[in-house]
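Dropping the structures in below, format is structure tokens.
Note that chain A is present in both complexes that follow, paired respectively with chain B and with chain C.
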Partner chain A sequence: MKKTTGFDWKKITHSRFFMPIVCLLLVLLVNVIQTPNFFAVSINNGVLYGYLVDIINRASELVILAVGMTLVTASSGGQDISVGAVMAVAASICCQILSGGAVSTNTLMAPIIIAFIAALVASMICGAFNGFLVSVLGIQPMVATLILFTAGRGIAQLVTKGQITYVRVDAYKVMGGYIGKCPIPTPVFFAIGVVIVVNLILKKTALGLYIESVGSNGSASRLMGLNSTRIKFLTYVILGLLSGIAGVVASSRIYSADANNIGLNLEMDAILAVALGGNNLSGGKFNLVGSVIGAYTIQALTTTLYAMKVSADQLPVYKAIVVIIIVVLQSPTFQKKIRAMRHGKAVAVNAG
Partner chain B sequence: MKKKWLSIVLASALVVSCTACGSKATPTGGTASAKTTDGKTITVGFSQVGAESDWRTANTTSMKGTFTKANGYNLVFDDAQQKQENQITAIRNFIQQEVNYIVLAPVTETGWDTVLKEAKDAKIPVIIVDRMVKVSDESLYTAWVGSNFKLEGQKATEWLKDFAAAKGLKNSDLHIVDIQGTIGASAQIGRTEGLEEAAKTNGWDLLAKESGEFTQAKGQEVMESFIKQYPNLNVVYCENDNEAFGAIDALTAAGKTVGSDIKNGQVMVMSFDCTKAGLTDTLNGKITLDTECNPLHGPRVQKIIDALKSGGTVDKKAYVDEEMFCADTTVPKVSISGQDFNVTKLTQDVLSKRAY
Partner chain C sequence: MNDGLLLSMRGISKAFPGVQALLNVDFSLHKGEIHALMGENGAGKSTLIKVLTGVYELESGEIRLDGIDHPVVNHSPQEAQTNGISTVYQEVNLCPNLTVAENLFLGRQPKKHGLIDWKTINRKSSEILRSLDISAEPGKPLGECSLAIQQMIAIARAVDMQCRVLILDEPTSSLDDEEVEKLFALMRKLRGEGVGIIFVTHFLDQVYEVCDRITVLRNGELVGDYEVEKLPRVQLVAKMLGKEFDDLADIKSERQGSGAATEPVIEAKGLTHAGTIKPFDLTINQGEIIGLTGLLGSGRSELVRTIYGADRPTGGTLKVKGKAVNITKPLDAMKNNMAYLPEDRKRDGVIADLSVRENIILALQAKRGMFHLMSRKEMEEAADRYINLLEIKTPDREKPVGSLSGGNQQKVILGRWLLTNPDYLILDEPTRGIDIGTKTEIQKLVLKMADEGKTVTFISSEIEEMLRTCSRIAVLRDGLKVGELTGDDLTQVRIMQTIAGNQTDKEASETDGKEGADV
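For the complex of A and B:
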């Protein structure tokens, strides 16, 4: 009896999802103590309402980015730091097409679907550019994507002529708001959709396996007959596409393209989500669901700090402290230490 | 083969980027022979931050409209695209071209000592507009023209006090949240101070303050959180128009109505800046009071230059006149330490007449 429970516990703790979930629960636990009504979800004004809804809604863009970032990390052992800038590019192209080049518009100048597709094509081109630099030219991912990290917002500014382009049309607000009478915010559907589709592709095709093998050992996989260049390239294009989706959603929330601020600093959060998800940042095996949980943890943290009335100027400090704790908890070295301690204890008990 | 192609691509990219840089380096309208020793036309070098908002564009237009050829000026304009190094280069260019006056709208407060010293050594007066500069020696610049952000805050809160009194609201009836600007920005500091002092003297219930970083997205997110924490809030003090748009969206999504009728459960939104979009919301009653942050610095700068030209002295700090626009006429004017400020009721007429 005793033995089986011990065995189960071990199985749970060794699961790849264990640490990410524990971290998320830790963050949420603080809320239960601090803000008793944190988990209350109600229907208000015909839509779901509550802190939890805010977290799930606000984390959508980050979830979408984290999915792509996980693939890129796994295949190339590096991160794409241009995702925030690519979001801005996609958003500005989308809004410019919709507004017909004007600074503000009250009627659509082009169908939304065309603008949406154009934005996604542009972001995929950005992704392909990054992918080309990394996979074909073999440039360090961080350095290669630094180009668009700096240039991306400039391009977006160029597209919007340095202004914030407003699309004040209700139909455009749907992607960042609500579909008709549906009580669930639309960005949530985008996030769930992306996670499901990418998961299906990885599961139904051998792509997931290819990515892991390319990331673990590129030359070995090439000798096995895998085109590692193409697979790396593909992951960057996927991330570009996902950044585009995130960019359009973010722009729909504010029905405008704010080239300076859309997706600002989101690349760091996306990388952090991948790390919090228990993924090895130097590539190889990956854990997509872990990254998604990581993304929700980060947003939960932000919302928690708002709910706890931490003043704005001190907010980054608290965020940093929590991140340090979570990252240390997840580090292999720390976990090994803990295991050794536990083992040592068990030995001592046995000896005694 | 592959490598050959690559080198061609890279080389052409290099050429393109070089020419792009080259074309950018010369300030627009800047003829190198802009020396004006004839005493008639005055050359003014203006280094602008960029064109990031309607406000900035209006600021540029004001300068360009004031310092025209017809008025006897030759304006050398440089757009720094949000980069300090571009501004420093521009000022050095101005010095080389021996302009008569330099006008600088600095992107940041610090890091100007060296280049302003160079201007001073060249005996060119420097007039700072909009943001302040922090320099070790105050004599490095001649004058500063800009907004009095604290006064803006004081005017807005004084209006709120009078408005509440006129509507028969007690001080304890007001539950205020503050969506702050980017922490450390001079607009944020002044406007927050104005509110904090007023809350203290009037005994208002200032529930919370949190930064919306002057953006619509953050303003919306912060407001969502505020609504849940403080169901009783009834005044939202947004430190710029973009934050107000976000706050209004969040309030509407949560089933609240925005407006000035606090007694009947409406939430009042107050804002700053008076951009066209902001005033449009004031016109339809969503923003009850919008306090102006005037970008029309041109005439003020011209006054300073005129005074300097005739050998007079100028005040180190010159504030531009700023208005207030309200959705109704409950409070026609506010007075702060003896000085009266009119509150304009916004109509379509007033809106379409505005310069920006």
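For the complex of A and C:
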């Protein structure tokens, strides 16, 4: 970071959104240099078209997951790695109900809303299972969610009887496609909706404060009357629900339930989004908007790499490099170094 | 005398950032001696032991061992072990899934043709166990043995590794009386064989039962080195707490006799939490400040934690303002208008990441429930009110509370509880680790609250502080409430006598018992 030249500049660099936005801008900058027409948005066949639209559209599931992952991280100081598998479970249940148990269908066998709700209930049960292991039994989140991480796709396979269930009905494609003549892809609305609703809940109830308190110091929180078990549990159920929504959206994009591929590796992207958002992965204070920016950054990175003709197989390597940089930037040792650079001020603060 | 000297430490000092843990401490241990190392928390006992065993680097001073003609500096516990110094901790550092014999020879297994010689291991193990009168099967997994046996195995292992200085760090904390006796028998046996034993414990009875000499530390400095017979218990307590008997001025409470008995706010009958506090009766009247005292680990904090529901009571009844209540968790207590400022501010008090404002309003918010979020304006007003009232020094209310000094953090937590407008406040060590000025402020505040009709339970290691504020003091020893002192009995001498439970002062404990029963 540059030497501070004025108070305002310092205020900006200290903002919780500084790092996430810098990362996003950095990725976008690379794009402008590499692909001059990156920001071009046009209308083809009545819908918006372009790299930028693609990023915002494709990031939707990740944004939804990142919102839930932020809450889980803040409350339990750990991450849920089963979200991708839970997406597959939700997708398979949704498609299986719509197809009436057949491998492929051209007419809906049940109302979409029923299938949608059933999928969400199933994913909330998955979240509740994770939450129970973590909050009641006190198992490490990573270990607890490893169970559904491995078993989830198996469950999804069981539901679809090992087939890829197709729902070739236009009405089902709406959630992953477009509503009527609206030029904006539907997943974007889902993402925005989730961010707004969760933000409202956090702003209008004390849940956000409780989560931060429990995640920062569970023992003290208990002594002032907070039920840390219940609060942690709740965050896992919320993440389960959000995974379900993401799963149905992802399934609607391909109008099928591909148990092996829906949400594959998305758990890692979601965790990365939380980290990119400037959140402490060991819990406590959180920054929801930061995570959302982080999610868009990752999708921008992915799209960029594709635009630069990097093959899908090599993609993880580049993502890994970004992860390394972020982790180093946030590491206590590095932070200490930075603080040492601003030595005088830091000492004064600590002494006070 | 000097030829019996086994270990001599001279002028040992050790500083950590911001703390002088040891200052110029001397310690000596003779052959065939059980030497108690005593002191309250933070006195420097464990630091001294860690310097001796090489866990911490020796900063200044000199350690000499019998038979080694140059000063000894241990850089690691392993090095200390080769020099004949072994430590057995309260938590046994052995492998519970291996057998007794395997544990005895772990890392130094006798070998034959490059393979482990199991025959020799088992034969030698039996010999060792028999020679030390330890009743354990060599082939039994260690985890299946009782804790006392496990500890004895650890000791046997140390002894067999030619240890001459054996350090026992709180070995009896988790043992029952019978097991303690067995351990003592082993210790006496080793003493007979010339081993020097350093015994760290909080239990006074045990010191007088088994030890020959006592070294007392306080605040990182040496108080003295005494023979057990020449140091009566009361004196020992006085030395640990830092009050010389001659200096004991009778400081009387400014609030002489709180007048006529008002209605009781807290009535506990046989309340208990198994394992930490034995059943106790306690009645606290409105507007009263009652103190709890006792040595570390005597159950002071455990008693209030049980009333508050921080530890779920396992027996007994509790009435709040004459109404029977069932308190199983802190929120129940809060709904009965209780407040609890915990002993360990860092672990149980502050939410370091959150701001001063959030820390102040959290308890009230928790009491109101998740769906009744206080408005931003209400929060800010509440925070500002207590920042001003308690003179909390913070640049602004949105600063993370972790960045404030200890005293100011404590004030924030105090503000948090005052905001809930409690009838009954439990203050567990509210003045620990904070500067003198703030201490006085907090004491004044406690008196003021009582004047306003609030009921307070005040716990402090500093007896003077309690005498200044409390109108009644309950004394605890080893998890049992052993007495209550009021009126003319509220003197340092009487408190220390009650803490020590000295036999030479029988009439004192008798009166205490009577008073306790009356209430």
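In the analysis below, the second predicted complex is superposed on the first by the 319 of 352 C-alpha atoms of A that agree within 3 Å, B and C clash if a C-alpha of one lies under 4 Å from a C-alpha of the other, contacts with A are read in each partner's own complex, and residues count from 1 in each chain.
Just so it is clear, contacts are C-beta pairs under 8 Å (C-beta built on N, C-alpha and C of every residue); 3 or more make two chains touch, one makes a residue touch a chain.
These numbers come from a predicted model, not from an experiment.
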Clash or fit (per the criteria above) of chain B with chain C on chain A: fit
Chain A residues touched by each partner, larger count belonging to chain B or chain C: B
Chain B versus chain C as contact partner of A:M268, first or second or both or neither: neither
Spatial angle chain C-chain A-chain B, Cα centroids [nearest 10 degrees]: 120
Which superposed partner A:T205 touches (first chain B, second chain C, both, neither): second
Contacts of A:M142 with chain B and chain C, given as first, second, both or neither: neither
First (chain B), second (chain C), both or neither touched by A:R222: second
Touching partner for A:D54 - first (chain B), second (chain C), both, neither: first
Chain B and chain C, minimum CA distance [Å, superposed model]: 14
On chain A, the residue positions that both chain B and chain C contact, one per complex: none
Residue numbers on chain C that touch chain A, as the complex places them: 308, 310, 329-331, 334, 340, 342, 347-354, 358, 362-363, 365-374, 393, 395, 403-405, 416
Complex interface listing, chain A residues touching chain C: 204-207, 209-210, 212-213, 216-217, 219-227, 284-285, 349-350, 352
Contact footprint of chain A on chain B as seen in their complex: 6, 50-54, 57, 180, 183-184, 208-211, 213, 215-218, 220-222, 224-225, 228-229, 242, 245-246, 249, 253-255, 277
Footprint of chain B on chain A - complex, ascending: 35, 37, 44-47, 49-51, 54, 58, 103-104, 137, 161-164, 166, 177, 250, 253-254, 256, 258, 260-262, 303, 306-307, 309, 311-313, 315
